[in-house]
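One chain, chain A, links the two complexes that follow: it is found with chain B in the first and with chain C in the second.
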Partner chain A sequence: MKPLRVWAVARKEFTHIVRDPRSLGMGIAIPMLLLVLFGYALTLDVDNVPLVIWDQSESPASRRLVSGFLGSRYFLLQDYVHNYPGMERAIDSGRALMAVVIPPDFAGRIESGRSAPVQIVVDGSDSNTATIAMGYADMVALAYSQDVAVEATHRIGGRAIQVPLDLRPRVWFNADMESKNYIIPGLIAVIMMVIAALLTSLTVAREWESGTMEQLISTPVKGPELILGKLLPYFGIGMLDVLLAVLMGEFLFQVPLRGNVALLFAMAAIFLAGALSLGMVISIVTKSQLLASQLAMVLTFLPSFLLSGFMYAISNMPKPIELVTYLIPARYFVALLKGIYLKGIGLEILALEAGLLALFGAAMVLLANVKFKKRLV
Partner chain B sequence: MIMWERIKHMLVKEFIQIFRDPRMKGVIFLMPIIQLLVFGYAVTTDVKDIATLIHDLDNSIASRELVSRFVKSGYFHVVEYTDREDRARELLDRGNVGAVLRMNKGFEEDLRAGRTSQLQVIVDGTDSNTAGIVLGYSSKIAGQFSADLLTQRILRSSGPLGQTGRVAVETRAWFNENLESRNFYVPGVIAIIVMLITLMLTSMAVVREKEIGTMEQIMVTPITSTEFILGKTVPFALIGFADVILITLVGVFWFEVPIRGNLGLLFVATALYLLTTLAIGLLISTVSQTQQQAMMSTFFFYFPAVLLSGFMFPIANMPEAVQWLTYLNPLRYFLVIIRGIFLKGVGPSVLWPQMLALAVMGRVALWLATKRFHKTLA
Partner chain C sequence: MNPSSIDSAVVVKNLERRFGSFIAVNRVSFEVQKGEIFGFLGPNGAGKSTTIRMLTGILAPTGGTGTVAGFDVRTQAEKIKSNIGYMSQKFSLYEDLTVEENIDFYSGIYRIPREKKTERKEWVIEMAGLKERRHSRTGILSGGWKQRLSFGCAILHEPPIIFLDEPTAGVDPVSRRQFWDLIYELSGKGVTIFVTTHYMDEAEYCNRIGLIYRGELIAIGSPDTLKTEFMQEEVLEVLCERPQDAMGEIEKLPGIKEVALFGKGLHVVAEDAGSATSEIRNLLGTAASVEKIVPSLEDVFVSLIEARDRADQPQQEVRI
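What follows is the complex of A and B.
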């Protein structure tokens, strides 16, 4: 392998990129734009759950329960409804996500020391939001019951009674439970995966389609030199993207970066080498820009989005699908980024992920070299 | 004046071109099914069997009783008991456990003496969604435990008269009784897979002719630009429909997602949705100079379309400005329609605004594509 020839190919490829400023702009501007847009827009924090209340009791006791709901920052009152069709309409149309139905005998039951059923109806179609909202509703109800009990004993004049158990929740690595803190590292991984594969997936196919491959074949350049030369400029763009993304995470979104920055970039370099080579392999195997772009999109975006643990926890998936996720390089990069960003851990814990990522990168580079044949077919 | 004869020839040519490469058949018909099978299983936010570490320093009847309530709830799965202080840090760092329950020495004694005991719950916040759900479960279990003991205390201090009123919450989830996240996500996965296929096919359709140079040959034929655009749309519309039918069948029969609404309505809505995605693909194709540009633009459209559609992230939580942006997203409307028909069984009286929006968007995009194409011819 002669560095001079590698350099020549790299320069040629670089000229291609510069000559098409729109593609270059897309390679750099798109990832940044997406990160800004999604960084602001995407949150899974459930608050202000739109709520309707059907208070059939209309008593001081029921109003107190209602104010428990309204006082919580998790609920946002849309309306009071006064009959079943009203409640049904509110939930069917999506205007309310939850309805609280307080029965007519609520006050009587509470005062006579019995259990008073309150019905909570949630729109279960988004089961995730529904589960969280139901958790909030339970908390409001429990707090109400406890208050009633403590007050009742005061009234009877008994000894002041203390609440038996105090739950002290603590959230590690992300104390305020801000979803942006884990969405942004995950986003960086997904965006880089797709951009990297898209950047390279057309380069070889284009040469075949436009016939310039024949000219390349007639030059003394060797296969590995050609591949390396074609990878280098895109690797530069990719690393620039990672740098910009990390800077944005730091200054724009204030995602805490607790681990080692050098480790982060080292891992990003390995990941990029693998992802770019994957695009290259696709390009070499298909020799057609149409098929190459289809494959690149299909193999990168949705798998990285859905199977990497970015949004859907891998531990919740069935075993066979969990095994499939080991084939998704973004899985390792997401784990590495989350670990380095939020937990501040290093290679002593992340060795497996780093190793598998390196293995993936090496396999892709090797595959690209094996599959590329410098001859006319 | 549209000549159907010319469009027919064009259709034949397009189909030959698409399927000339036998691998394209796999990409078009097999890939969506495989994708749905894999993603359908992967997309779940149901939190159960949370790996839990018990750090019980009291090891008393009361503390064990509390732990057993966590286990019996079905959400927590104890993987280890420990008395080492640093074990929690170790396991959380490695991601081996998602929650730690910690009770100090004197837990039971405090309870007996009528004081307040503490239960510390530590959760892994690297996925704050799961963390929030785990905390919700914990506070429910701990709250119930506390309420039971409170009743005992009151009985002890004030006799049987001391029974106090309490709220018993009865929850009912409509449209998805067991709160299965799969029912919510599978229709969405169908919508995003179909969008990807149709966008990719059409966005390459016109620009490839430009790049290879066959566009000039088409220009010297008597075909008009409307006929040309129609000829480029219809084959992909047919392919799109075939894909929708295939993967809907997989969703219904394999994943057992209920279809409560009208199938006919689903087809009408799908036709409108396909019209929109195809038209946007064509528009991308007419404004692009190279296939690479077309692909980048497709990605630039598709990625935000998926993330800002309400597929995973609720639109109501987004900033106002971004919410306005989502009105330009066909996927946003189609998700409401497909989930409405699948899960809620609602009809046109509820879904007409979304269907109207899709129809308008599709028409406008198609008009723009035809207009842009005029320019290229000139």
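What follows is the complex of A and C.
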């Protein structure tokens, strides 16, 4: 391995990138754009469920229930309606996801200590959101019932009764349960995987297509020198992307970064080496830019998106699929990033993930060197 | 190493390359002396590039042996690569890089020592006539410039053997002429040059030529040897009125192998010059001039190819 040759290749490759606005765009603008788009759009939180209310009782008791809904940050009152057709229109048009119907005898039943039915109509066309919204409605109803019961006992003259079970949940690592806090770190991993593989998937194939590779393989340059030289500038771009993504997480999305920043970048470096080498392997094997970029996309995007634990918890997957996830390098990087970002943990816990990530990186670098032949055909 | 190869830059014995059932190069044997300009002449698809690729160590032979600069083409390809310069058919420059950047890249690849770097770079720029364009992107240069620049990049490290694969394809006549001056200059310094071409006039510039056709070497020797020894038939030049009409008539005469338009007249390939001369004189009258001439390389080449085609006739034509 001669440093002069590696340097010559790296400098040449860097000039290619700088001269070609498209590759610069793909290397830097696209990942940032993806992060912004996904970061804002891909929220799993159900907040401000649009709500319409048909209060037929119009009593202090019913208004108290309504204020229970409106006081919660989970609901947003769109309108009061006064009949079923009005309610239907609101839900059909998508103006409201939920309707609360309070019957005329609501106040009477509550005051006489009888159970009062309240109807909730939910738009089930998005079942995930509907389930969560119904959960919120349950909570409001439960709180109301408790208040009424406590007041009733009080009025009779008894002591204030205690609720038998007092569950006090406390959420660690993401106290506000904001989905962006775990989506952004995972997203960085997924985007870096796709972009890194795409970037390098073109570099060797392009030289085969333009004929410059035939010239290169007739020189004394060694395969590893060529591969390392080609990886270096893209590695630089990849690390710049990670830096920008971390800064965006910090200042744009306000995702807390609790762990060691140096560890985060060290892991990112290992991950990048593997992902860039994977792209290189694809480029070496296909010798065609079109095929290479498509293959890089297919091999990285969906697997890292679906099977890395970024979107769907790996522990919920069927066993055979779960086994497949061990082959997805993004899985380890997602776990590392979430761990470092949210839990602030280090290698003492994440050693296995870090080790497997390094193994993947080493395997890819090795494969690229084995597959590259200084021969035609 | 056998004694004959001490002065040989390239020695090839029964070199063969198959692609599946297609034989691109069929048991070719030849030697190239040090300091020689050796031309490899043949039509497109004859196996010129395949041969040159095997000799430069970028394509493994499927049979036979060969050495370049004393190194085995099968097992010591990387050693060969340090001792040769190769210019492939496409001018393999990076078009988005400038003239200087291309030179700098290859000078890094060949690890030209720092103290020689500038001198070699200036030599290439001077030789290619690119002084004013050293900061231009290579993509905008004309064919002749690209050719000389990629030639310069291929010989930056001053290799003792240079392989050129159709170096003058698509280049204007003036640039071609300048290019051959350059080749003579290097040859004068003892550099061995192996060049493929399908231009007959360029073949005349070579010290020796090998004629390759359908993967087989069908003749080898100096241009003069080829013209005088390899042609069994004799060539007559016929100057007459309306040569196109005369062509059909002459072809019907006995002992005539081939008639072709050549400049203002005709070249007639005949088994025997004497009898053919009188036959043609009888046919065309005294107004026509009939003269026996030294065949051109083209005559030789066409005659050899046709002889080969006649011999191959019963066989199935092998083509992909």
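Quick notes on this structure:
By our rule, the second predicted complex is superposed on the first by the 339 of 377 C-alpha atoms of A that agree within 3 Å, B and C clash if a C-alpha of one lies under 4 Å from a C-alpha of the other, contacts with A are read in each partner's own complex, and residues count from 1 in each chain.
Everything below uses one rule, namely that a residue touches a chain if its C-beta (ideal position, glycine included) is under 8 Å from a C-beta of that chain, and two chains touch if they have at least 3 such contacts.
Everything numeric in this text was worked out from a predicted model, so none of it was measured.
In this overlay on chain A, chain B fits alongside chain C without clashing. Applying the stated contact rule after C-alpha superposition, one finds that A:D20 touches each of chain B and chain C. Applying the stated contact rule after C-alpha superposition, one finds that A:M297 touches chain B and leaves chain C untouched. Within the superposed three-chain model, A:N83 lies out of touch with both chain B and chain C [touch as defined at top].
Touch criterion met: A:R5 reaches chain C, while chain B stays clear of it. Once the two complexes are laid over each other on the shared chain, residue contacts for A:E209 go to chain B alone; chain C is not touched. When chain A is checked against chain B and against chain C, the one touching more of its residues turns out to be B. Looking at the shared chain after the overlay, A:S67 reaches neither chain B nor chain C. Legend: residue contacts after superposition of the two complexes on their common chain; A:V221 is shown touching chain C, with no touch to chain B. Figure legend note: chain B and chain C, brought together by superposition on chain A, show a least Cα distance of 12 Å.
Counting contacts by the rule stated earlier, residues 20, 210 of chain A appear in both its interface with chain B and its interface with chain C. Across the complex, chain A is touched by residues 19, 53, 56-60, 77-78, 81-82, 84, 86-90, 92-97, 101, 104-111, 150, 153-154 of chain C.
Taken in their complex, chain A has these residues touching chain B: 20, 22-23, 26-27, 30, 34, 37-38, 40-46, 48, 50, 65, 91-94, 109-132, 134-139, 141-142, 144-146, 148-149, 152-153, 156, 158-159, 161-175, 177-179, 181-182, 191, 194, 198, 202, 206, 209-210, 286, 288-291, 293-298, 301-302, 305-307, 311-313, 315-318, 320-321, 324-325, 335, 338, 342-343, 345, 349.
The residues of chain B lying in touch with chain A in their complex are 21, 23-24, 27, 31, 35, 38-39, 41-48, 51, 66, 92-95, 98, 111, 114-133, 135-140, 142-147, 149-151, 153-154, 157-158, 161-177, 179-181, 183-184, 189, 192-193, 196, 200, 204, 208, 211-212, 289-293, 295-300, 302-304, 306-308, 312-314, 316-319, 322, 336, 339, 343-344, 346, 350. On the chain A side of its complex with chain C, the touching residues are 2, 4-5, 7-9, 11-12, 15-16, 19-20, 210-212, 214-221, 374-377.
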